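Here come two complexes built around chain A, the first alongside chain B, the second alongside chain C.
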Partner chain A sequence: MTVKIEVIAGGIPHTKIMVGGIIASLVCLYLSYLNVVTGTEMFSFFGGLAVVAALIWGSNTIKVLCSYGIGTGVPSAGMIAFGSGVIAMLLATKFGIAAPIVTLVLAAVVGLILGYLSNEVLNMKIPAMVQSLTELAVVGAFTLMGFAVLMTGGFTFAALTAGSVTIMGLSLPSYQVSFIGGSLIATAFMLGALAVQHPFNACLGPGWTQDRMLMLAAECGFLSMFVAAIMSFALITTGSALISLVVALVGWGYTYMQYIGLSKRDAASWLDAKPIPDVEGH
Partner chain B sequence: MTAVAAKPAAGGAMNPTAMVVGLVLLVIILGICWKVSPGLGLMALIGMVVGGVLIGFGTHFVPVGGAPAAMGQAPGIATGVAMLAAGAGLAGLFGGAWAAEQGLVVAVVTGAIGGGLMMAITCMMVNFIYVFGMGIPAASGKVKVDPITGDTQPEFKSQGTEGHGLPFVSFVGGVIGGILAGGGGTLIYLMLLDLYKATLPTLMKATEAQIMPVAISAAGIFAVGMFLVNAVLTAYNITGTIEGPHDPKFKRWPRAVVASAVASALCGLAAILIVVV
Partner chain C sequence: MESIVFGIGITALTGALATVAGAAEDTESNIGSQGDPNSQVQLAPQMGYLHRIFNKAIAGEPPAYGLWCALGAGLAWAFMAMQLNAVLAIVLGCVLAVFVQGVYSTTAYLGRTASLKKFGQPVFVDILKSMTTVTMAHAFIAIFCTVTLCYLMNAALGHPFPLPLLGLLWGIALGAAGSAVGNPYYGKERQYQNQKFGAGVPIAQSGNIVRYAEAGERNSLDNGFFTAKLGGPASGVCFGLIVFLELWRTILFEKIGAGWGAIIVGILIILIFTIIDRSIEVWARKTYGPYAVPTKEASS
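On to the complex of A and B.
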């Protein structure tokens, strides 16, 4: 029925990336549990690393799905990923320490049903549809959970809804200063949705190479993590937020340089046009 | 191969087995909800299913042009459904959310007007840019005469295109779509807000005033999530582009209604389980 407009050839096989993405995200989310074990918030930055791992996996999934001409544009895949992911992730936060595992299962169930609906009820008949929408829902849920950990230091419903304000030395509970109560979740939603769809949207075409796209995904992930780390100053201690900020900056700087290098490699030719001319010699 | 030729041929055919499976799934989800929360939860879920169906059905009216429209080769607004839904539909949702305290009817109508107004402005500015910026007249490629004004179309259509610009019937369709989708999104938000306002105080052991930020934000993000899921499923149904209510693809709406109902019920059940389990 459908015409495949691009061939998936070369690079790392998708299954390998998927397994790597799941394991890396889960391990990073659980490493953030060191916050509870040690009684600090220093390990919140692992949430950001989970975001990067999930986004790299997600951008390759979008590549698999959008190689078939689905006709709706690449951004729609990012939107449905996070629309279904946010619902699974919020329900999973109710399960305490098991939350990351429950997120994986719940998001997969939601994605599976959405995949069935699009492929059979809506008659899309795209071979990769069911698996891709399942994966994307998990990517969306993991990314949001990663942002939640990065900003609040925890992934339980209580940690996401309750914060505290200090008025004249007195610490009072406040539900407004929290990930959900302060609507930081809406920002995390869009940060993630843009970061997951952008890499393939920017790199698609005849000159597509996998390593360049995945490097861009990592760069988008670290850039989103940088913004989220700035927002985390409101919810966690300054020292912990600074650690996240430095990790994000270093990661972004490295992946950005790598991405520019890969772009130069793949470009037909390269001319440094210097947008701001050097006028000192005149 | 060009992007136009590579469009998927999903076709207008229905898959009866899948439709029945979808309806059975819907009944099962409603049954689960009746089991865990017979009163408040089930009412909220039914409201959310109605809202989701309104979004799914309403999106069919919106003239989505996609990339071909941006090049002046097909009629409609030159962007994808995801962007139109996020722009116009969410404008309605936010409009309705402001009026949430005035009761269900006023809030839903406010949301519908917000969505319709946003689509009317979008459609007008799109035509403004088409006519004065790109220098192309509005002409439909799917019908001989405009069903509303009776204006003939083929004389204005350039050769090799599927039509271009935004004919009057597409404009009207866009406004109707914005009204339906804005009202549906607001309905989902209100249902969740009422549910959370009633259940969160006991769950979190706090007063209603204290949990209001959490209730509003959680209901809002769920409404946004369900809105985008429904809009993208509809986009899959129309394979990305549609001219409006006069387009032959419009006849595919029963598939989208079933898919939207099941998807909304599924997402709504998850949203209800947060507070009742």
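On to the complex of A and C.
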């Protein structure tokens, strides 16, 4: 039995957000390839922008999925997105320059299988399930790849596992000081998983509005990008990491102020140190 | 022998850190009404009970603390990779993780409250300012203790996992301990103090949480004050025992039978705790009356 609790009323249609999210993430991931072309790491911040684009799309997908009573909390949707996405993303990094496209295809396949299993085998019979899980797997994979690019400057397996450790001014190659060897991927996993579920989880309720939720998604993306940029100081050059940091801070400041403005617009009232107002009948 | 004594010393230290972390985590989540008591705080305005209680729904406590601790550990790892002193690196990492926690708290409160416009629940800016800072302070203690114990495991005991992965695992364990032990005390004993003891929450009373104090209106700081007495320390003992026993069995029995000794002792510990839990449950049912059949007094 499926009961739809809320309907999507107004706002940008989901298909439009999905197409925009895929294109923006892919373009940003490929723009980071300028690192290889120019031989620098200055374009790593495009990875962070890919994260923001993917998270905006993902938060709207979660809204579509969780509008049905799926029987679990909203955060579980974020977890499954990244649990399925990490497999596809890691496998795809072996494909060199084709990695972002391969990620898209592989994650879609993984999500499709998971959606089929939950709908047909576990008999959940939720209409949006297959499409949403497919989308979420791609969102998870793109976000992780974006974080990888932001922190290491590349999306190939070699870039993700190679690092260097400086001992007494001597630079030695080290597997342990890398995105995967140092398990920064675990931090990226949680950063993304909470950021993708938080916008809908925080904004749900009868007064839900789409623009406020999407603004919060962008805010979560830039906030995650900010801390990821700080971690990137360990793996890429200081100048390149500074560029990412500045982009993240500017983006976060703008979206956070916008979000507070939108909350002010939507709230019943905005009180400072006032008692509980009287409501009729109580 | 010396290495075992050293290991036991580190084990005791991590156990103590975990106890502090658990107590701080539970108090933090109770001030923020995170975890399962959140549903009643969220429901209250819809039933007409407007309140001045902080409502920061970020996720369940385990995923939320999984992120804060993984983030603190990841940042500390990165600072250490930049050749920073370990103590400074952990403190800086935890400060930044707490900043993220604070931002998430404000957006969660604003978002949830703005979506309740239909029921007239206002956004209280003073609540936002005073509660967020208090939760951030408690979260810092919890994250700092957890990341430090992860660092001790990694650096002193030679755990093979890198710091961020340990932070993720122990962060989730910390959130789970605080959620399982501390939340019933906040959710049932505090929010429903105006109900008969043990009455449960009848549907008619849904959302009728404690909103007024002896004088004036309650906010979440009072809830933190209340639960810090029993709920917080209980969560701390729970998480401290988990960390202590886990390391204790590994340090003492790992050498026996190529690692199987530690596994067998682990299973024994689980069995002992199962027996203790069961006997406490049976004792409580015998002492405080039947579990399922409601008596006349309870149903009135």
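FYI, the second predicted complex is superposed on the first by the 270 of 282 C-alpha atoms of A that agree within 3 Å, B and C clash if a C-alpha of one lies under 4 Å from a C-alpha of the other, contacts with A are read in each partner's own complex, and residues count from 1 in each chain.
In the analysis below, a contact is a pair of C-beta atoms (placed from the backbone, for glycine too) under 8 Å apart; a residue touches a chain by one contact, two chains touch by 3 or more.
Predicted model only: the values in this text are computed from it and were never measured.
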(Q) If we overlay the two complexes on their shared chain A, which of chain B and chain C does A:110 touch? Say first, second, both or neither. (A) first
Q: Using the superposition on chain A described above, determine whether A:39 touches chain B (first), chain C (second), both, or neither.
A: neither
**Q.** Which of chain B and chain C A:182 touches, first, second, both or neither
**A.** both
Q) Regarding the shared-chain residue A:79, is it in contact with chain B (first), chain C (second), both, or neither? A) both
Q: Mind sorting out which residues of chain A both chain B and chain C touch, each in its own complex?
A: 73, 75, 78-79, 176, 181-183, 186, 189
Q: Write out the stretch or stretches of chain A touching chain C in their complex.
A: 73-75, 78-79, 163, 165-166, 176-177, 181-184, 186-187, 189-191, 193-194, 197-199, 201-208, 212-213, 216, 219-220, 223, 227, 230-235, 256, 259-260, 262-264, 266-277, 279, 281-282
Q. Which bits of chain B are touching chain A when the two form their complex?
A. 1, 3, 5-11, 13-15, 17-19, 21-22, 25, 66-67, 80-83, 85-86, 204, 206, 210-211, 213-214, 217-218, 220-222, 224-229, 231-233, 235-237, 239-241, 255-256, 258-259, 262-263, 266-267, 270-271, 273-274, 277
**Q.** chain B partner contacts - residues on chain A that touch it in the complex
**A.** 1-3, 5, 68-73, 75-80, 82-88, 90-91, 94, 106, 110, 113-114, 116-118, 120-126, 157, 161-162, 175-176, 178, 180-183, 185-186, 189
Q.
Could you list, by residue number, the parts of chain C that touch chain A in their complex?
A. 42, 46, 48-52, 57-60, 63-64, 66-67, 70-71, 73-75, 77-79, 81-83, 96-97, 100, 103-104, 107-108, 110-126, 161-165, 167-168, 211, 217
